[in-house]
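Two complexes, one shared chain (subunit A), two partners (subunit B, subunit C).
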Partner chain A sequence: MASTGLSFSVPGEAAVPAACDVVVGIAAWNNAGTIGEVARAVAHALGRYGPGAGVVLADGGSADGTIERAREALAGMPAVMTVEFARPAIDPLRAPYHGLPGRPAAMASIFREAAGRQAKALALVDAALTSVTPDWIARLVDPVLEGGFDFVSACHARLAHEGAITRSIVYPLFRALYGLRLHQPAAGEFGCSLRFVRQVLDQDIWAGEAAQTGIDVWLESEAATGQFQVGEAQLGPRTRAPTPDAPDLSTTLTQVVGALFADLAARTEVWQRVRGSVPVPSFGEAPKIAEPSSVPDVMPMLEAFRLGYTALADLWGWILEPRILLQLKRLASAPPERFRVDDGLWVQIVYDFALAYGLRTLPRDHLLGALTPLYLGWLAGFLLELGEAEPADADARVERLCLAFETKKPYLIAGWRWPDRFRA
Partner chain B sequence: MSPRPGIADPLWYKDAIIYELPVRSFYDSNDDGIGDLPGLLQKLDYLQSLGVTCLWLLPIFPSPLKDDGYDIADYRSIHPSYGTLDDFTRFLEAAHERGLRVIIELVLNHSSDQHAWFQRARHAPAGSIERDFYVWSDTDQKYRDARIIFVDSEPSNWTWDPVAQAYYWHRFFHHQPDLNYDNPAVLQEILGILDFWLGLGVDGLRLDAVPYLVELDGTSCENLPGTHDILRAIRRHVDTHWPHRLLLAEANQLPDEVSAYFGAGDECHMAYHFPLMPRLFLGLHLEERDPIVEVMARTPAIPDTCQWALFLRNHDELTLEMVTEDERDYMYLAFSAQPGARLNVGIRRRLAPLLNNSRRRIELLTSILLSFPGTPILYYGDEIRMGDNIHLGDRNGVRTPMQWSGDRNAGFSRADPERLYSPPIVDPVYGYQAVNVEAAEREPGSLLHWTRNMTRLRRMFKVFGRGTLEFLAPDNRKVLAYLRRYEGDVVLCVANLARTAQPVQLDLAALDGLVPVEMFGYTEFPVIGRQPYFLTFGPYGFYWFELQRPG
Partner chain C sequence: MWTQVEHIMQEATSRIVQRIAAFIPGLVAALVFILAAVVLAIVARTLTVRALRGLDFDRRAPQWGLGLLAEWSPARSASAFIGRAVQWMVLLAGLLVALTALDAAMPLQLALSIFEYVPHVLAAAVILAVGFVLAQFFARAVLIGAVNMQIQAARELSLAVKWLVIIVAASMALEQLQIGRQILVLAFGILFGGIVLATALAVGLGARDIVGRVLERWFRRRPDGEPDHLDHV
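So, the complex of A and B:
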């Protein structure tokens, strides 16, 4: 469906009032199966904010009745606005985005509507989720409305073995770079203030290619590096309806880590001045979730790491120092019971990949693809070390990893500033 | 109009690193032996990787090329050797896509004698608007107090025109008649030209030879109030119609005279700091910081929105007009042993030959260039230590083809060598067989990679482009030390101007408790205390320190 990017109201809907205290944005595209539950949760949550609350549904041209399902679910809501956003054309040569295609355009549409209505607080949720509850909205919105916060990041409850890309790279690196302990900087849900909305709408990120896969990380780092009051909301698990075209691990890793590396490259003057990190205020209790009876099988991960070493060691030689390669060589022949990726080793691998990304040592897609077997090696070691540990144990383990990222940050700074000093 | 990078920051030029290049010399895409705009477009990735943020193109207009294009015959078109307006637009868009801004020349003072305005003026009746586009006289005795600039080639600032039966005024070559700004129609034409190029998306204009716009008997005809009136009118026009575009003044004058070209922030945004450049070379050769410190001490404060343009070398001779006679004699003895190296009041040499191809000296001067208050300008080829050819006449020896590789014609062109606009450098030291981009790319320790690191570092710290300057005064006068401050950042730069190892004790008591972190390797040095801070240097060594609070 052709998209105009223009705002319009679906006939039969009441327009969002000219001024709104609270707006919740729902980004959707062909989510007829899930949007009803999401919308009901939002409607339920907004009931407590009275008539000054509204919903902005940003739709990318759904053809499966998404808008109708949403309208049914929001039937009792006084103020609903539908806007259409432009989905990017599908590039057959590129892996599909692991999230909503055209997410930046959807966000921008919602932001513009919220800004136009002077909304004091805005929360954003994804229509593909199956786990949204009313308390999500309250925890994202209330700190903005009542506490003067500008940005409230979502922190979803996770099992010990879940969210490993975030635990291994995104959280520790984001924290070391920008000095804020935001545990899930690419979660997707957030609450924010009108001041924040206006600030980000002014930036020229929205139409760029980098935004297509990196808008969530960009928003978090914009919040972390600007003069904003930032907090974190404890939410329940984040689950999505399964889709047949879900990207594989390597694609997701490439997109998420690539987005963070791109952000790093764009904010050098900021992160090179930050030392250490501080916690952010947290809202709500982290919900308890039951651990499964079994842990994932690490043998395929170990196999992928060893295969990666065999196939990619030469390529890694362009990115990693010789002593790192020697450690990887030893790991490749280590038996499972002794297989552990030392924190110092992992930090240096991530930092060396970030440096190579900045220097364009290799084409960036190839570079990030070469990280996948190393990540699987780290994950195997992490799971073997944790065994059947509780999420809290995983968090404590990740905390140690984060400190290693912070301690070794001068290596990243030095490498960024004088990249060839060892080769000169 | 192509989108322009970083339009949000009106002071973008303060953080810029400018790269000056003649299109003719950079890369030939159509095998005619002359560099062109499509060729330059092909090399934009190289320029982006070098870390520069703004390109300054030498004149690209139709011209008889008697003065390398500074003799413009048509202000609204492109010289056919370089391409077309479409080529220029494509180049501009490609540059902007890479975050590179583009500055072009606007020669305000004069045109070519081939320009239609001059041809029309010669035939127009005396006193007509057309005739008065230029400065005419029945006698060559007017404005006798104005000096002759090109003393080696021009006996007078007046030349007789047999068609007009009158003398016409020219401050430069006789084929470059001065425009007459007493005629309001001239300024209107110039503003129209300015609209034309800014409308295409050009980010700024370098205003060539601005001190000479207006003439007045009994004066030197330089820096006159009327000239500043013209510049203010131009600036008003730019601010009204093209906000955030840059006007860069070329005024080879002393700092207090040049600073007048900033006005009250209502004339040019930037102007060259001509006197600094020879004193950097002088200080290095004397192994003595005083020439550098003194010229900066004599540099007046400028409006907050204005900026000095700093350079080591450019497309002209190393001009010695703005030094004392003793200093000039010293510079000639020190830097132009070959008589052919001297031209007009200066030395026609590139950076590497001036410094005897010493890598350490090049790095030292470049480090000062990049850390002094102002916007640095790099001259094409200096990043790979290109040499020159003083036997090519005028300043052509520093405008030879860019040396891309060891292939035929230095990889600059696939034309037959005899078709090249200029022979490439082929001498044993600087010849393209050894000195070229391809070789430098493959050598991790090359000056090219070093320059990339330096530009990258400079771009991270606004303090270099925007901060204040405060010299320290250690006893060892071979050491140049200065503090730069901007908002919360404090940077200490220290440089050894000597060819031998040197110690220095710096009085940093006012910074007691801060930790110097060496900026290149991010290495912490001992904390600053009340006692003198002791440092040692190898020959021509230098440090940049961020002064941080202890963690």
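So, the complex of A and C:
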């Protein structure tokens, strides 16, 4: 092991940790094609932290030479630890949206290694990414190391039409719930302090099935609701290598929104006391990204929404108020040039689905599956409204939506506290 | 002779009086049973309705596929329907117990044979209820899945699944009730065989190209894994 520069530890084996000031964790499983580039970027970034920097490579049993590629790329690093994590059997039709089965176990392994080595700062990146640069690591680590921050969330540069689940549901709802303007709560990359690592390692989230897809949202919520200093790092675009078993839109929506709704249900005592929201310190400049030459075709989205209305209106009737159904009926027959999902309508839909999730009005998979056509309707309206706008215009539009979520939050609180009155 | 006639009349009267005297306690017991059954039935109905309303059953029944119960009730309430069913079952049981108290051979046999049949009826009722719940569950899952896969005939597909499950449940319930066993198996075989054959012919002859395209799309997913080229998260 010493000759390769890699020290291996396996679960159950007592490791003797050497102290590291900065640790970067790389979670991998069969990423031979991309891990070299990621590891080189990490090694380059860690060069400026001196000998007190280390890398923890968490591997889920790769069979394609991932470890060897990482070993080559990290050859000059003084401290590289490899840990194995247990990868659960995954239904191929319901693969996790983040692309790494066993991600919570990978994170827990990295956290344990970092805590064992008394790391003052830890950053985590995914080995499947193709856009990691040394700046990413610096922006995630420096605020923790120099600014005393406990958690630094990633904020990736995105095109106007990208990340629509985050823009339409995750960011506005997370912000309204916990009062922090963290723009991408489901982003997979982050930096954190030893205090944060120790705090989350003590929780019993890691082995649960819900963590498989909800761990990222849970970590951000934990940071937002605990006594932690939270910031946001402006990173470049996030691209990852294509995976053959990437889940479809409905499964992705079910996983991401389900994770947020589950978090909402688990932290009722916290979010009911929060009013308004505050911005978080931002680190780094958001890079400009070139807009694509064409915008996505909205017609299939409109068709999906209309088909959803035709087939699922009865089902939506159990979740949404009659006046909302009436508005959806009008929308379903609206021509594309007048098709817009009003902010108030969308907020009411999301809140009603959250309340139905809490009340278990329907089996949760069914409930979240029934949200997909509504989401596509929102996306179509959003894209039609923006046209060929710049990402900044999209951000301004999302800001208005977020304010609507915050304004309407008393409705969610009332519905959650008095479901009988709400349903009467 | 008059003495003999008188003796015979006395004996006949005595026998009738004895018979009546022997019957009256049974009759009184039967009346008591019936009265008790009426009271018990009312109490059982009230408790059942209250318990079900406490569980919000009227709102949940349609979601579980038991909306039909409300339609069968004059009060349009599934709880009221089940309460009434419980009331009649208790009354019927009371009546049968009352019949046995009369100590008559035929009513006794009738009561016993009905009591022997009751477990089958209850099992059939449970099978039907579970069948309706499962039918609703699968129909909804298929409906949502089909809509999200942009299948235009999502409702028809969902209805087909729903009725398929209901037919299977109904067949199992009839089997439990020991009604038309052989005919049922035969009819079921013909029905399913017919459906499979018709589907195979329709797919093989009429929709060969469409199925081919669907399968091709299914197996040859886009290289980036996102059918619409959008990164939604």
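The working rule: the second predicted complex is superposed on the first by the 397 of 424 C-alpha atoms of A that agree within 3 Å, B and C clash if a C-alpha of one lies under 4 Å from a C-alpha of the other, contacts with A are read in each partner's own complex, and residues count from 1 in each chain.
Criterion: contacts are C-beta pairs under 8 Å (C-beta built on N, C-alpha and C of every residue); 3 or more make two chains touch, one makes a residue touch a chain.
Remember, it's a predicted structure, so these values are computed and weren't measured experimentally.
Peer 1: Could you tell me if A:221 is touching subunit B, subunit C, both of them or neither one (first, second, both, neither)?
Peer 2: neither
Peer 1: Return first, second, both or neither, reflecting whether A:253 touches subunit B, subunit C, both chains, or no partner chain.
Peer 2: Second partner only, subunit C.
Peer 1: In the three-chain superposition, say which chain, subunit B or subunit C, touches more residues of subunit A.
Peer 2: C
Peer 1: Mind working out whether A:417 is in touch with subunit B, subunit C, both or neither, as first, second, both or neither?
Peer 2: first
Peer 1: Go through the superposed model and pick first if A:212 touches only subunit B, second if only subunit C, both, or neither.
Peer 2: Neither partner.
Peer 1: State whether A:307 touches subunit B only (first), subunit C only (second), both chains, or neither.
Peer 2: Once the two structures are laid over each other on A, A:307 reaches subunit C alone.
Peer 1: Common interface residues of subunit A with subunit B and subunit C?
Peer 2: Common interface on subunit A, subunit B vs subunit C: 423.
Peer 1: Sort out for me which residues of subunit A touch subunit C in the complex.
Peer 2: Listed in rising order, the residues of subunit A that touch subunit C are 97, 158, 161-166, 170, 186, 242-246, 248-250, 252-253, 256, 296, 300, 303-304, 307-308, 310-312, 315, 318, 361-363, 365-366, 369-370, 372-373, 423.
Peer 1: Applying the document's contact rule, which stretches of subunit A touch subunit B when the two form their complex?
Peer 2: It is residues 202, 204, 268-269, 272, 275-276, 410, 413-414, 416-421, 423-424 of subunit A that touch subunit B.
Peer 1: Enumerate the contact residues on subunit B facing subunit A in the complex.
Peer 2: 8, 444-445, 449-450, 453, 456-457, 459-462, 519-523, 551
Peer 1: Can you name the residues of subunit C that touch subunit A in the complex?
Peer 2: Residue positions touching the partner: 59, 62-63, 137, 140-141, 143-148, 150, 152, 154-155, 158, 221, 223-233.
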